[in-house]
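Got some structures for you, see below.
Okay, so chain A shows up in both of these, paired with chain B first and chain C after.
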Partner chain A sequence: MKKLTPYLLVSPYVLHFAVFVAFPVVFSIVLTFHRWNIISPMEYIGLSNYERLLHDRLFWQAVWNTVRFLLVHIPLQIVVALGLAELLNRTVRGASFFRGAFFLPVIVSGVVVTILWQQLLGFNAGLINRMLTGLHLPRVAWLDDPTIAMYSIAMMATWKNVGLYVILFLVGLQSVPEQYYEAADLEGATAWQKFRYITLPIINPTLFTVVVLSTISGFSLFIEPYIMTEGGPLNSTLSAVMYIYKQAFQYYHMGYSATLGFCFALLILFVVIIQRRYVEQES
Partner chain B sequence: MRQLLVLLFLFVISCQSRELKKTRELVFWCSNNGGEIQFAKEFAERWQRTRPDKPLRYQPIPEGQSSEEIILASVVGKTTPDIYANMWQGSVELYAKAGVLVPLDTIADFRSFIRARCDSAMIREITSSDGHIYQVPWKVNPIMTLCNTRELTPNTATGPPYDYSGYLRAGQHVQTRDANGYVNRWLGYTEVKAIWYQRLFNFYPLYLAASNGAPLLTQQPGQPPKAAFNNAAAVQVFRFLQTLYRNNYFARERLSATRDPFINQRIVTQFTGPWQLSYLDKFGGANLRYAFYPMPVPDGYKGPIYTYGDPKNIVIFNTCPDPVAAWAFVRTLVDKPGDLRLMELTGQFPRRQQLDTDPYFTPFLAKNPRMAPLARQTRYIRGVDNSEVIVEVFDIISQEYEACVIFGKKTPEAAIADAARAVDVLLMTE
Partner chain C sequence: MKYFLLTLAALTFVYPFIWMLSASLSAESGLGDLALLPEQFTWNNYVTVFTKIPLGRAFLNSAFVAIVTTGLVLVTGAMVGYALARYEFVGRDWIFYAIIFTMTLPFQITLIPNYITMVRLGWIDTYLALIVPFSLSSLAVLLFRQAFQSLPQALIDAARIDGAGELRIIFQILVPNVLPTVLTIMILTFMGLWNEALWPLIVIRDESTMTMPQLVTLFSVGGRAEGQLGVKIAAAVLLAVPVVVLYLFFQKHFIRSMASSGLKD
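Take a look at the complex of A and B:
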C-alpha cells in the first residue's frame, strides 16, 4: 500500500493530463493523416492534408494577417504599457485608482469588450466617427476598409490587454534600485540615457515575458475578428485561428483543420524560440 | 454451470432491452419558435389520441447557436430524435451520405405520396445522389422584395414590380444625404459580410430570378459535378448588385446593428421572407405601408420569376425504432389539414403544388391578403443543389461577391469565372 500511495496521489493529475492534453494532442496528430467530417468514418489519406496546406492561399493570407496584427499590437502594447507603468511608478495622486482603471478591461469578458468597440467603430452611427464629424473631420471606415480593419482590431486588443502588462512592467520598474538613478543624475545623464542604460537592462526579463505573452495571445487572435468583422472585409481580418475554426466547424474538415492547427502550433513554437534566443543574447 | 447461468442472464437482459427499444416512444423535434411548438403540440396530442399503441413525444430542438449545429452534435453523440422537422435542405446530402437518415422511398406508400405533393422538378431537387429520397418537402419561406409602398408607388416609373433599370431608378429617387454629405437613406440593405448563408438572401434569389430557376451545379453521368453558374445570368446579377453598392443605393455599413432600418424608413426595400409580416404587423406602426413583390429581374426578362424558397424539410433518423410508424405520423403533418394549420399557426407556407389555387387553402389566403403574393410565389421556388459541399460552394461565391459587388475589386465576369473555377476544383477533390 505504501508503494502505491505516491501513484494514487499523482493519479488525478496524470488522468487529467492523459484525457485533456495527451489524448487530444495525439489524436490531432493522427487526424492530420485522415479525412473526417465527424459523422462519417475516418478515411486515411496520407500526406494529402499537408500538401493541401502548402497550396492553400487563404491559410497563408490568414497567417500573414495574424503577423500584421502582431507587428502593430506588440510594439503598441509595450510602448503604451511601459509608458503607463512609468507614469504610475511616480508618486501621482490616485495611483491605485488608475492601476484599477487600466486593469479593468482585462477582467471584462472579451465578447463584451468586442461588442462595445464594434459600436464605437461603426461608420455612420459609431461614437468615434460622430466625434470626428463634430470636429468637421471625415469619417473613417474603421472596420469596413480592408486596409485599416486589422489595425483597428489591434488598437482595440491593445486597449483590452494593456492593463495586465502595465502591472508586469510596474513590478519590474519597482525593482530598479533608486541609487542607480541618483548616480546617473550625478553623472549628468539625460532621461533617455537613464531609461536606455539603467531601466531597460534591469526590466529585460519582464520585457521578454511581455513579448512572449503578447506573441502567444496575439497568435491566438479569434474573438475580436470573429465578432467584429467575421474575417472580412476581403479576408483582411481573417486570423489563422479563425480559419482553423472555420475549417473545423463550418466545413467539418476535421483532418485538414488538425493539420492547420498542428503546423500553426509549430510556427508559434519557432517564433518563441527565436525570441528567447534573441533576448538571451541581449542579456 | 455458473458460466452457463451468467450467459443465460446476459441473453435475457439483451432480449429485454431490444424489446424495450422497439416499444419506446417516438421522439419528434420541432423548431423552437412559438408557432411551431404549438403546431407540434397539437399534432402530437392528436396522434396520441388516434394511435395510443405508438406513443410519441414532441420536443423543441435544444437551444444552440443554430439548429444545424444541434443536429450535428446529436448525430455525433447518437442522441438524434426519431423525427426532425426543420432540416435545411442543403444539409440533407451530408447526413444521407453518412448513412444516418432513413431512405423514405423504401417505405411502402411514400412514392405515391410524393408524386401527389410535388411536381417532377421538386422531386428531382430532393432526390439524393444515390437515387433515394431522405426528406419530406415540408415548408418554404420564399425570398421576395419587400417594398415600402408609401414611398414607392406600385406600377409607376420608380415603383414595383422591378426590372434592374426600374430598381436603380428607385434608388436614385429615394436616396437622401445628411448635412455632411453622407447618405442617410438608401434603397435597400442586405448583409455585406462574406458569410456563406447571407448569399441565400441576395445573390442566390436574384440568380434564380434571372436564370429561370437554374441550378448552381450540374453533373453528367459518370462525371464529377461541376459549377453551372458561369453564365450571363450570374454576371448580370453581380453587375446589378455592384451598381447598387457603387451608387450607394445599398448601405455598406451594418444597418442590422441599429434600429430596424425598414421600420425606421432608412431603407425602403428589403429582400426578405414571410417571417417579416408578423414582425411588421407588430412593430411597423400605423404609417408604414408595405407589400411583397417578386425579385428584380434583368431588363427585358420574360418568364416566371423564380426565387429561393428557404425550404425546411422533415427527416427520419435511422436511430428510429419504428420508421413506418414515424412516417405515419409525418403524413399527418403534411396532409392538407396539416398544411393549413401550419399556415395558420406559423405564417409559413407548405411546399406543395398549386397552393395558391387549391380551394382548400384559398379561403385562408383571401382572409390574409398580405400572404397572397408569397403564396403565389411558392409556384416558382427552388431550394439549393444537393451537394455535400454546398456550404463551401456558397462560401466561394461569397468571397467573390465581396471582392466584386461590395469592393469593386473585380469585374463581374472575372469574379464569376473565378468562383466557378474554384468550385470545380472543390468538387473534383471531394
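Take a look at the complex of A and C:
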C-alpha cells in the first residue's frame, strides 16, 4: 500500500496526459493521412493532405500574415516595454500606480480589447482618426487597407500585452547593480553606452523570455482578427490558427485541418529552437 | 519630464477603458465623442444586450465553469505536486518529461483531436467539455511541487504520527502553508478560463451553455448587434467587469502571478 501511494497521487496526471496530450498527438499524426468529415468513415489517402498543404496558397498566406504580425509585434513590444520599464525603474513615487495602469489590458479578455479597438480604429468615427484630423493630419484606413490591417492588429496586441513585459523587464533591470552605473558615470559614459554595455548584457535572459513568450502567443493569434476583421480585407488578416479553425469547423476537413495544425506546430517549435540556439551562442 | 511620459503612458492604457464605459452609457448619437462623461446618459444599451442575447445565463455558465475548474486544478495540482516533491518512485522522471512535453507542445496540434474526443465522448454542448480538459494544469503541478519542497519534513512526520492519511496531510496540513502559491494558481486559472474564447467556440453550439466571451464574440461578429455600437460595447463592458473588479482588489497578486508564470518558461 505504501508503495502504491505516489502512483495513486499522480494517477490524475497520467490519465489527463494520456487523454488530452499523448492520444491527440498520436491521433493527429494518424489524421494527417486521412480524409474525414467526422460523420462518414475515415478514408486513407496517403500523403495527399501534405501535398495539398504545399500548394495551398491561402494557408501560406495565413502563415505569412502571422509572421508579418510577429515581425512588427515583437520589436514594438520590446522597445515599448523596455522604455516603460526604464522609466519606472528609478521611480519611487507612484510606481505601483503606473504598473497597475500598464497592466490593466493584460488581464482583460482579448474579446473586450478587440471590440474596444474596433471603435478606436474606425475610419470615419474612430477616435484615433478623429485625433489625427484634429491635428490636421490625414486619416488612416487602419482596418480597411489590406497592407495596413495586420499591423493595426499588431499595434493593438502590443497595447494589450506590453504591461506584462514591462513587469518582466523591470525585474531584470532591478537586478543591475547601481554601482555599475555610478562607475560608468565617472568614466563619462553616455546613456546609450550605459544601456548597451551594462543593462543589455544583464537583461539578456529576460529579453529571450520576452521573445519566446510573445512568439508563442503571436502564433496563437485568433480571436483578435476573428472579431476585428474576420480575416479581411482580402484575407490580409487571416491568421494560421483562424485558417485551421475554418478548415475544421466550416468545411469539416478534419484530416486536412489536423495536417495544417501539425505542420504549423512543427514550424512554431522550429522557430523557438532557433531562437534558443541564437541566445545560447550570444551568451 | 519622466512623470509626464509615465502619465501619458498610463492614460494610453486606462483612458480607452473609461471611454468604453462612457460610450456604453451614451445614446447612439453621442458615440464617438472623446468626452469622458456621456452627454445623454442612458441604460438602454444594457437593456438591449440582455433582451438580445442570454448574457445573464452566459455569466452564470462562465462563473460555474471557471470556479469548478479552478477548484479541480488546485486539487489535482496539490496531489501530483506533493507526490513529486515528497516521494521517490520509479517513473517519477517520466512525469517530469511529460510535464515538459506538455508545456512546450503548441496547442495547435491537439486542437482538432481534442475536439474529436469531445464528440466521441458525447460532451459537445455540455459543461464537461469546458471543464475536464482544463481540470489539470502542468504549471499548477510545478508550482505546488516547488512550494511543498520548501516545507519542513517535520510538519509531515508530526501529522503521520497523529495518524493522518496522505490526503489529509496534503489538504489540511500542507496546502494551508502555501497560500501564496494557491492564490497564484487561482488567479492564473480563473483569469485564463474567464477569458478563453477559442475552445468554447469549438465545443459549444447551444446558446444556453455558452460562456460569456464566446457569446459576446458571436454577438459581435454575427451581425446581431446590427451596427449598434453602443450595444456591442455594453456587452464588452459586462465581460470585462468581473476580472477588472478582482484585479482592483488583488492587483499586486495578479501582477506577481502573471510575472512568475512568464518567468517559469
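Note that in this section the second predicted complex is superposed on the first by the 281 of 283 C-alpha atoms of A that agree within 3 Å, B and C clash if a C-alpha of one lies under 4 Å from a C-alpha of the other, contacts with A are read in each partner's own complex, and residues count from 1 in each chain.
In this section, a residue touches a chain if its C-beta (ideal position, glycine included) is under 8 Å from a C-beta of that chain, and two chains touch if they have at least 3 such contacts.
Because the structure is a prediction, the values reported are computed rather than measured.
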Touched partner set for A:G232, first chain B, second chain C, both or neither: first
Which of chain B and chain C A:R139 touches, first, second, both or neither: first
More chain A residues in contact [chain B versus chain C]: C
Which of chain B and chain C A:Y251 touches, first, second, both or neither: first
Partner chain(s) touched by A:F262 [first = chain B, second = chain C, both, neither]: second
Contacts of A:P6 with chain B and chain C, given as first, second, both or neither: second
Touched partner set for A:L47, first chain B, second chain C, both or neither: neither
First, second, both or neither for A:F123, with chain B first and chain C second: first
Chain B versus chain C as contact partner of A:V79, first or second or both or neither: neither
Which of chain B and chain C A:I38 touches, first, second, both or neither: both
Common interface positions of chain A, toward chain B and toward chain C: 38, 119, 125, 230, 249
Residues of chain B touching chain A in the complex: 69, 72, 75-76, 94-95, 97-100, 180, 182, 184, 192-196, 251-254, 257-258, 389, 391-392, 395, 399, 402-403, 406-407, 409
Interfacial residue positions of chain C with respect to chain A in the complex: 2-3, 5-6, 9-10, 12-14, 16-17, 19-20, 23, 31-32, 34, 76, 79-80, 82-84, 87, 89, 91-92, 95, 98, 101-102, 104-117, 119, 133, 135-136, 141, 166, 191, 194-195, 197-198, 201-202, 213, 216-217, 220-221, 229, 232-233, 235-237, 239-240, 243-244, 247, 251-252, 254-255, 258-259, 262-263, 265
Chain A residues within the chain B interface of the complex: 37-40, 118-119, 122-125, 133, 139, 144, 146, 229-235, 249-252
Touching residues on chain A, where the partner in the complex is chain C: 3, 5-7, 9-10, 12-14, 16-17, 19-21, 23-25, 27-28, 31, 38, 84, 87-88, 91, 94, 96-112, 115-117, 119-120, 125-127, 130-131, 159, 163-164, 167-168, 171, 209, 212-213, 216, 219-220, 222-223, 226-227, 230, 240-241, 244-245, 248-249, 254, 257-258, 261-262, 264-265, 268-269, 272
